[in-house]
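Labels for the chains are A, B, C and D, by order of writing; each one numbers its residues from 1.
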């Protein structure tokens, strides 16, 4: 029996080999698609089992690779924390790789899929390497490997200008984030061993570093900023709604489902593991940013009419929710409330697992829609439920999970986060105390708005009547794609119904990070009941909810079946309106109109109605053109000024290169004189 | 022995090529000449690695860990550039951009330039160092104006005058150095030998030396391309033939920085302060910032990468100024990796502009579709030069940045700003050039694949694995530069 | 000849060299510039010989001879020929007017003096006080390059700057080692050929030697 | 013997109570309304008669209605009934109460609404979409407010488990808490919105443009409509009992206290009757709001609920 670490390493090697082979046999496209994706799926399964076993055993394994700089070899380590993330990556990777077998066929004959296969596997390997690396240098390599390979994946369809733009914004923010992380490592390494030697760069050295509080805070803030840029935390989220829609859907599924999680991994690794005990205000900061991301993320999501963009913004929201839990956990850890810290952390981990699965599912579903209809905008979709008989219920399962509705998985983790909020004791600092109720309120608002968003996604896309032109051509996607989505949907349900098993499994992770656990108390009342702290405080029984629903719905159905009630089909009544056309349905834009009215302050909205009348006059209108542009303020207030300022500065700096040689000589002359005078 | 071969081969090649002129096999002779130099330099490196620093030719030559790796690098890049220039220059010749006479001149001067740089690296005499730096300038001035276009002549003139003045100031610095040394070593060559000067630097007069350093800084700094002495650099790089841009960027700047650092060691030994370090850090930071912001608005592809060279020289200068084992190690590595990466980029850039018959970036489109190797070569080159792992440039920037965070944390934000802006500028420009649909005017081209691949593989390997001997050299050099 | 006499002679020569530097700054005519430049070279060569004689350093004679051939005959001659071939007779134009240039020049001399005075204290050589003049010559050469508009005058400025360097080498240190001296001379010779080639190239391409033509390479606004 | 089966008995009793209590409460409200408006009422049992009539009528489906549309009534009914099995109406000693705490309860209602909203979109009609859009707007504001309001109670009672909350509130000696007062006010506002009563929505309107909840159900008929109607009556009953359980729990039988049951039943009847009176007073006194005033109304509720929670942290 190979050890977990061996399994994970083996999968990484396999990924790199697949990538290489895909590059070498570029001319056998159709075989390559099947073979490469199938192998990736197998490798994912191996990685997932490695991660799973590692968490199950709560074991830690380490290794030093003989490459890298002679003074800085690559350190690798698989502990339960990394193991948990490895299993998420492996699990979703497996689903998505199976799905890819079908999805990539859509590109055959249109363009070469080789770059996609090459970078897809490097991307997977990069994510796993991020998780198992145990020194700053190796971590950065893995981190950027992941970023750059996904950058190439984002603009796989490179002839579209907006894809290139998306990829550019993505890589820029990712790189700046990476440099910030690097600076943070710089501080930690400096305090670990100084810069007279290269010994400070290992994580174990950094763990033992004795840092003054100020420097620890600076290091944490830098690392947090860097990771937040990757995670898409508002206001660093702008790349996310651009990049995820641009990427092929299997890649968006992975990026959204698991790549964002590696950033959370980084925050936990640095904030808890390497820094020792976090400061309480770090937790507060993480919490506040999490709240902002959650609320604004879902509000922005509601405004979108592009499915993938909506899903991307929803990822911002979910990352916010995860950060809320992480922030709470930090504050509890500071107060030495180990059980509560473990509760919040379990909530965070659970939500990461859930989000990976359901967001992966939803992006795969969006990919299936795109594959079948070549359309991403909901305004041109509708009524797909009749044509895509598999995709529709699977996508619905994803929507239910994402809306945090029982008995699906999204609910369990949000429930745990609410529990963490309600169990919060008095905290140091008055304002931080008030943050707790406000945070709970914001989380509640987020959950409710989330449901609203997913009603819109599912309702507009799958229900009603087809809004586009070539409706007749839509067919259900092929089996591998369905299989990928089916497995993800089943996971959504199972993770929702058996939370005790999941919590029992991942309890080793908070135990290793915050030194507490809730595994014992959670199943104290038996497998049927989830009681995170005590039965008196809160309980939830997902199996009962599920079986009750099955029972009642089944019983009612059987009763009516037995009575043999007749059903007659007739045209829709609609209060007696006649000549209903599909253009009279509610659209994605009109669905979100109330939200636009109520939360208008959060957006910059440009609305215009043009009346095109007969003979050019508006008195006898023939056509109304409604144009709506909704953007987030953050782009206008945060990024545009930076870009404008950079170019302004660049213009000023350009004046230095004036063209006249006398001026250049004058520079030398002045430089000389200044140095002579002052040095 | 190997040392002599290293120097003589290139000089000999220059002479032979001047004689051969524009014959068919001139390109091959050029390659063989550089290749032989490279082979000899490897032998030299072995000798030094086996037996440590050595003096040769009386005291005239001195080879230690610091210069031997630069010598090997110089010979290596000159070889790959020679290989690249074969196809590149044939294309230029075939399309009538240069004439019969120019070809003879080009080859001879190329080898002479390599000789000058190797001499600058290997000599022990600070005066000879200056002479060979001047020779390196002079041999390339007319190469920059090889195309005889108004822009090329203007660029060459500026290069000539600015570097001439700069290097003259460096001579003044050298005179002052000698002025101080004379009192310790008396009349004669002894007072100019670096080995002597560095050993006895404690006895030298600090006031004279700090004055000397300022002149040396401004002088050699001009050649390094440090802001605000950099103005010749973008012009010269953009208007000359691409192989020359490659060696200017990849080698000449390095050698100038080498000269500066050698002098810094002596001055630091005398003054016992880190004043020189602060000056270098200031120049470095200023270069990083100005160059990266200048990158943003570039239209000409070679000009853009010239600014990128300024930025990277700024980084290395900053790191040398910062001092300390890690930063110095990073700086030495940075010189190596920047040179390899930047020359690879210029190779692909050369082909890219030949394919599109322009250097205007807005007209270069879809390289990947026209020639995948040129396209991906440029893209990966940009990825590497922007400091993205797993390429070697990242390794050095990693070391420098982390060290800066410890020793000068308040400067790190400026550094970061520069890196971010440069990154944005490079990617913004490179992506549309490499990807998308090629324009109608793009023509197929027989590109020189080998040098690009070798450089990129090398830079990738250096990011993931560093040979032990290189590591040893760097550590010895770090000891030396303490 | 006693040491002090040599020092006196040297001081006088130094003063004369400084004077020629100023003369170069104010001279408007091209031919006049060349004459003054040749005179400066001659003074330099004499000074080198005097130092060589007084200190008993014979390699300085070689330096003096080199200077004489290069700076007094060869270079002015090359330039002279160029002027005729390229038909440059016009008056020299300055960017900054002459009185201002003069004032800046004087300020530079004072600056150089101030800068070199701590070094002067350290030196034991008779010629030590001339270092200030050498530095001034360098600075004035640079100033000339900045203020002139023609390629040719820039070259004269550059060469005068080199004269300053050379003067510094002989006066402050009794000359550099011979290898270096020879190398420097060789470099200057090559440089002379190069600017010769350049003038033709510039002339044929731009139809004038005015530097205004060569301001095309710049960052656009 | 009785003790052994007591949990099953009480649970069954409660489910039956909810099933019947919903229509009865609605009947009571309608009766009161008729009286106040000077009309003759159809009697307490009229809602029940309506539902049974619908059950036997033919079911007509829109041509393009999918399985979502058909399964929604069952899911809605099932979810509401589950809520009925969880909320301690007469006794805190409910065995199924632990299935879902107050948060899960809200989510179970949300599940029902999610499907109702989808059903509104399913037929592709203009009014269905309008109903969905409006309903989701109302719910997305009401849901957080209701959570906030009940959170205040759970902070006071140190639990989110409903039976424990009731138990805690009934056993601890009475203290006047400003937080609970705020929470109660908020809860009332939200309950009005959630159950679709005036001034937020009008359950008996058939004026298309003012409809919210009804607009989603326009296409339903026969047994489907019966299930949905019944479920919404139960929902009114449940919200009333939830409010009673959280804010006026006195009289509800505690844990291990079956003797109190008769008393609890009487107390519940009285409290519900008074709730009916309150509803009627409000509905006769106020008129329906414009749709975007609803947002302000709910914002008010949210504010009150937040104030309740804040005052718990500040004052208590």
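Operating definition for what follows: a residue touches a chain if its C-beta (ideal position, glycine included) is under 8 Å from a C-beta of that chain, and two chains touch if they have at least 3 such contacts.
Here the structure is a predicted model, which means the values were calculated and not measured.
Asks: Tell me which has more C-beta contacts between its two chains, A-D or A-C.
Replies: A-D
Asks: Could you name the chain whose Cα mean is nearest to the mean of all protein Cα atoms here?
Replies: That would be chain A.
Asks: State the chain with the largest centre-to-centre distance from subunit B, centres being mean CA positions.
Replies: The most distant chain relative to subunit B turns out to be D.
Asks: What's the distance between the Cα centroids of subunit B and subunit D, rounded to whole Å?
Replies: 78
Asks: Whole-Å distance, subunit A centre to subunit D centre, using C-alpha means?
Replies: Spacing between the chain centres: roughly 36 Å.
Asks: Centre to centre, by mean C-alpha position, how many angstrom separate subunit C and subunit D?
Replies: One centre to the other, that is 100 Å.
Asks: Using the average of all C-alpha atoms in each chain as its centre, how far is it in Å between subunit A and subunit C?
Replies: For subunit A versus subunit C, the centre distance works out to 69 Å.
Asks: Listing for subunit B: what residues touch at least two other chains?
Replies: 157-158, 161, 165, 169, 211, 234, 294, 297
Asks: At least two partner chains per residue is the criterion; list those residues in subunit D.
Replies: Residue numbers touching two or more other chains: none in subunit D.
Asks: Enumerate the residues of subunit C that touch no fewer than two other chains.
Replies: As it turns out, subunit C has residues touching two or more other chains at 115, 142, 145, 154, 214-217, 219-220.
Asks: What are the touching chain pairs in this one?
Replies: A-B, A-C, A-D, B-C
Asks: Quick check: in the complex, which residue numbers of subunit A touch subunit C?
Replies: 651, 654-662, 665-666, 668-669, 673, 676
Asks: Going by the contact rule at the top, pick out the subunit B residues touching subunit A in the complex.
Replies: For this pair, the touching residues of subunit B are 157-158, 161-162, 165-166, 169, 210-211, 214-215, 217-218, 222, 227-229, 231-232, 234, 275, 279, 289-290, 293-294, 296-297, 324-327, 368, 383, 386, 388-390, 394-395, 398, 401-407, 409, 412, 416, 419-421, 423-424, 427-428, 431-432, 435-437, 463-466, 468, 471.
Asks: Flag every residue of subunit A that touches subunit D in the complex, lowest number first.
Replies: Those in contact with subunit D are residues 382-383, 385-386, 392, 396, 400, 403-406, 411, 415, 418-419, 421-422, 433-434, 436-438, 440-441, 444-445, 447-449, 451-452, 454-456, 458-460, 463-465, 525, 529, 535-541, 544-545, 548-549, 552-553, 556-557, 560, 565-575, 577, 580, 582, 584-586, 590-595, 597-598.
Asks: For a test of understanding, state which residues of subunit B touch subunit C in their complex under the given definition.
Replies: 125, 127-128, 130-131, 134-135, 138, 141-142, 145, 148-151, 153-158, 160-161, 164-165, 168-169, 171-172, 174-176, 178-179, 182-183, 187-189, 191-192, 205, 207-208, 211, 234-235, 238-239, 294, 297, 299
Asks: Once bound in the complex, which stretches of subunit C touch subunit B?
Replies: 57, 115, 118-119, 122-124, 135, 138, 142, 145, 151, 154, 158, 161-162, 164-165, 168-169, 172-174, 176-177, 179-180, 183-184, 186-187, 190-191, 194-195, 197-198, 201-202, 205-206, 213-217, 219-220
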